[in-house]
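Next, two complexes with subunit A in common: one pairs it with subunit B, the other with subunit C.
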Partner chain A sequence: MNELVFFVNKVLVAGTVIGSIYALGAVGVTLVFGILRFAHFAHGDLMTAGAFAALAGAAGLHALGVSTPLPIGFVALPLAMIATALLAMGLDRTFYRPLRERGARPIVLVMASIGVTLMLQGLVRLFAGTAPRSFFTGERKDIFHIALPFDLADRPIIVTEPQVLLVLLTAAAVVALHYFLTRSRLGKAMRATSDNADLARVSGIDTELVARTTWIIAGGLAAAGGTMLSLDVTLKPDLSFSLLLPIFAAAIVGGVGQPYGAIAGGFLVGFAETLSVFNWSVLLRVLAPVLPETVEIPTKLAFVPPEYKIVVPFFILVVVLVWRPTGIFRGRVL
Partner chain B sequence: MNRLAVRELALLAGLVVMVGLIQAWLGTAYTLRMLVEASCYAILALGLGIQWGYGGLFNVGVVGFVALGGFASVLLSYPVNEDFLNSGSAAELARVGLYAVLGIAVVFAISRLHRLGVPRGLCTAATIAAAAAVYLVVTTALDPVAGEIEANAGFVGGLGLPAWTGWLAGGALAGLVAWPIGRICLGLRSDYLAIATLGIAEIIKAFLKNADWLTRGTLTVSPLPWPVPTPDEVGFVWARAGYLCLTAAMVVAIYVLLERAYRAPWGRMMRAIRDNEVSAAAMGKDVNRRRLEIFVLGSILIGIGGAALVSFVRIFDPAGFLPLNYTFLVWVMVILGGSGNNLGAIVGALLVYIIWTLSEPAALLLFDALRDLGDAWFGWDAPSDLQSRALQMRVFVIGLTITLVLRFAPRGVLPERAPRHEQVGPR
Partner chain C sequence: MLVEAANLHAGYGEMNILDGVSLALEAGEIGVVIGPNGAGKSTTLKALFGLLRVSEGSVRFDGADVTNATPESLVRRGMSFVPQERNVFETLTVQENLEMGAFVRRDDYRHLVERIYALFPPLRDKRGQPAGELSGGQRQMVAMGRALMVEPRLLLLDEPTAGLSPLFMSQVFEQILAVNATGVGVLMVEQNARQALGIAHKGFVLASGRNRFTDTGQKLLADPEVARSFLGG
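Showing the complex of A and B:
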């Protein structure tokens, strides 16, 4: 049973955590892709910028002498989400909207978003340095050891406080997004614009308002994802490029323009990553007494070594593009 | 003489004056080094320029193809590693290679079974299962061999062939990698190509960095051979001058060939596809096939340019391939120089590379001055990693340049000049 607990710790917990992060990022990417019709490459840096905003907010709260039972970075999260939403709107207004109004080709917007990526990266590293940072300098990270009630396993299941908060936050975000998109007028307008922008415009929908809302949601969720990832591990300024490919893969697997698809895609990519770097011989060893002598179980049997983890989202992306470019949830192919 | 020709001449004259000033200020050897690197970047810019300017394709993986070019140079032209050949590992490696070839043959055969009447679904499932099994067998067989090579011989070494074979192989390898990517993504919108090239570049970098048995990984390989006499033989100035002659000749040759292609029916067809895909398809042009052609051709040029660039530096360092120094710098060269204009790509490459090399000391000077001022006026306690932060300023400037050029001068300094054909016969 210890092997099973190991599996739960290494795959279920880790996959849920990284899947939630990817889902939070992919929702923003898929909304921008569906409504504004371009692949927003600066999303990874929006997440990094959001995490740094939370770090600054946490430092501010700490200086004010605020102390809470929750991690202080989590308490600062709403501030970071607002700041990042404003940042996303500002970026749209200064860099993307003029191109959109000029009627530039969508690929030009993609290039502009890469320019924005570099600007954000340069600014973050200029002001915050290039070294990784931790949110937990002034306080301790709570780690829960859940001992199993039966005797078969003596190892506990280990989760940390940020991980629990992350899963709760993702669930809350999904529910809120669902109600917003299906019940509110603005949410319905967003879905209409995503389905057919021209038709939405002639029906009297204010597409600029829709674009602004999209950026607010995308920015807020990006900040949440970035902050929670940095609370779980550390805050690295070069986070963005390693996040970008899994997030795009998640958005495309789920179907471009489909927020639920993006959430499913995020978990799919997250679990695929953890399952393929997991050392399967740990589980196979249990079978050793049953198997004949001639079968030798290798000490290391993983599909992909951890340093090649980036191959997994790429592989998923390629498979989806070959077999079903619309994604699981029948999104669009632009 | 029209206005564009005047602008081209003025830009070229400005470049010559700039190079002359740098030569007077920093010396001949430094100037030659800068020019050689700039001409290698010009080859990269030409390759990316035809992908973007002729085909409208957005390749964000330049750094991956550059790394592949460098890797091919190492593999073909680095001296033979006797330790590796004399140890038993060479035979072991050949055995693993044989496994891989056999495995691929088996998988391919299974994937063709549907021709013999096996149901499609079953055939696909069997192919996937066979591919996974072959992959696991080959990787588990490779692991101990790789460890043995690293322990006994360091790495596999090269083949000891002349340097130019490595450059050609670099182009071929880059083209080989580009082909499947293009096949998968070119039927879809170019956003997907951008995402896929970004991914493949990261994968190539991860592979070259971690496959220690093949590339020595972070230990780096040096010195790489040159196709011309090296500085050890004839001194810095003459060696670099020789290298510059070679790369400059390559730039000119590639430029002339590309210009001919641009004016030929092939180039006209490419522009037609880029400007109006639907009508080109309606005229019977195979849009995806042509795009694949231009994507592979551009990647081959990038691979050759990358091999030349890495060979010149003489160190193959897989950890040194940063997207910023290759992908995005080359992008700035292409869009600033003028997309669709090959002369623009070359001028952009020279101009941007000179500014880029000068910007490093400039950024450090600026930030040192800022620190002194801040210290003197406000008692500002500067962070200790100010130097590494100062260099990040350049990242910001590159990004700002891209966005500004796209917004205010989308056609670049030297815009595309579509050739006008004289009307023949009565209207």
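Showing the complex of A and C:
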């Protein structure tokens, strides 16, 4: 039973956590692609920027003497989401909209977004340095040990407070997004624009308003994902590099332009990662007594060593692009 | 005059397609634009609706100069456009398609949705279905219904019967008459010149981006030269 608990901790808990992060990022990528028709490579940097905004907000709240039962970084999250939404709108106005108005081809916008990536990473390094930072300097991170009620397992399931908050936040974001897209006038206009931008314009839909709304949602969710990941581990200034590939893999697996697909894709990539780096010999060892002695169970038996985790989303990406380029939910071909 | 285009020059990029097209329509009239392929029929509609840059000439709508106005502002003024292809939001339901037609309205438009269902009864049962799943004829109803949600005074239709079977074609013409009967002016481009001129108050025959004949629909139908050159004898 302890082995199973180990599996739950290493695969189910970790997969749900990282899957939620990827989902929050991938929704933004997929919405931006659906409405503005380009792959926004600077999305990972919006997540980094959001995390730093939350860190700054947390420092500010701390200086004001605010103390809460929740992690102060989480309390600062709404501020970070607003700041990042404004940043995303500002980036659009400064770099992407002028290109859009001149009728630039999508590849030009993709290149511009790579430029924005380099710029944002430079700015982060300039102002924040390269060392990882922790949100938990002045307070303690609550860790919940859920002891199992039966005797066979003496090891507990371990979840941290940020992890619980992350899952709740992701669930709330998904439900809110669903209602927004299917019930509100602006949300329906977003779906209409994603479906057929020319017809949206002809119908009198304000496509610039739709674009702004898209950046607000994408920026807000990116900030949430970046902040929650940093609360769970640490805030690394090069966060975006490790996030970009899994997020794009998630968006493509789910079907580009399909928000629900992006959420499913995020969890799929997250679980694929944790399953791949899991040491399966832990579970196989249980079988040792019934196996013949000639079979030796190696001490380490994972599909991929943890330091090569990044190949997992890459592999998924290649497989999907070769066999089903439209993704699970039949999105567009990037 | 409801709409009046004078000496329109417009095209795609460097290529000029319209070389001085003029047309005028009174409120509540049906106007039909016919002509051979490449004559500039669809281009004329797009130029009127601000989808192409007009380099010379002018468009007046309801007394105001709207040359090169944006489609959005024209929709607000009471002009609607139904493109020839991809004219419904396929992944949105029928009802949502109609709601998108009313995007510029901030008032309560539920009675209008009801009116569209009364005008196109088959849509009522399909209101919750994605428009992409409908038949060609029903899609055309959704497309027209969407355009009517702003209560336009002028409806621009780009080949509304393209790709439809003859049965649906007559149905579409009947629906256009029904829409017109509610006081909406209609300006349409049509390949089925004979049938279209039959319901037209005014007909405009274009060739190589210029007006060749302009008259009432009946007179154009009766004109032997129009018949020989443009109606297939």
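As a convention for this text, the second predicted complex is superposed on the first by the 333 of 334 C-alpha atoms of A that agree within 3 Å, B and C clash if a C-alpha of one lies under 4 Å from a C-alpha of the other, contacts with A are read in each partner's own complex, and residues count from 1 in each chain.
Going forward, contacts are C-beta pairs under 8 Å (C-beta built on N, C-alpha and C of every residue); 3 or more make two chains touch, one makes a residue touch a chain.
What you see is a predicted model; the values in this text were computed from it and never measured.
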item	value
Clash or fit (per the criteria above) of subunit B with subunit C on subunit A	fit
Which of subunit B and subunit C A:L99 touches, first, second, both or neither	first
Subunit A: partner with more touched residues, subunit B or subunit C	B
Subunit B versus subunit C as contact partner of A:K188, first or second or both or neither	second
Angle at subunit A between subunit B and subunit C, C-alpha centres, nearest 10 degrees	90
Touched partner set for A:A112, first subunit B, second subunit C, both or neither	first
Touching partner for A:R201 - first (subunit B), second (subunit C), both, neither	second
Subunit B versus subunit C as contact partner of A:F180, first or second or both or neither	neither
Partner chain in contact with A:F136 - subunit B first, subunit C second, else both or neither	neither
Lowest inter-chain C-alpha distance for subunit C and subunit B in the superposed arrangement, angstrom	15
Sites on subunit A touched by subunit C in the complex	185, 188-189, 191-192, 195-196, 198-206
Footprint of subunit B on subunit A - complex, ascending	33, 38-39, 41, 95, 98-99, 104-108, 110-112, 114-123, 125-126, 129-131, 241-242, 244-245, 248, 252, 298, 300-301, 303, 305, 307-308, 310-311, 313-314, 317-318, 321-322, 325, 333-334
Subunit A partner contacts - residues on subunit B that touch it in the complex	56, 58, 60, 135-136, 140, 143, 184-185, 188-192, 194-196, 198-200, 202-203, 206-207, 209-210, 323-324, 328, 331, 335, 383, 385, 388-390, 392-403, 406-407, 410
Contact footprint of subunit A on subunit C as seen in their complex	49, 51, 71-72, 75-76, 81, 83, 86-92, 96, 99-101, 103-104, 146-147, 150
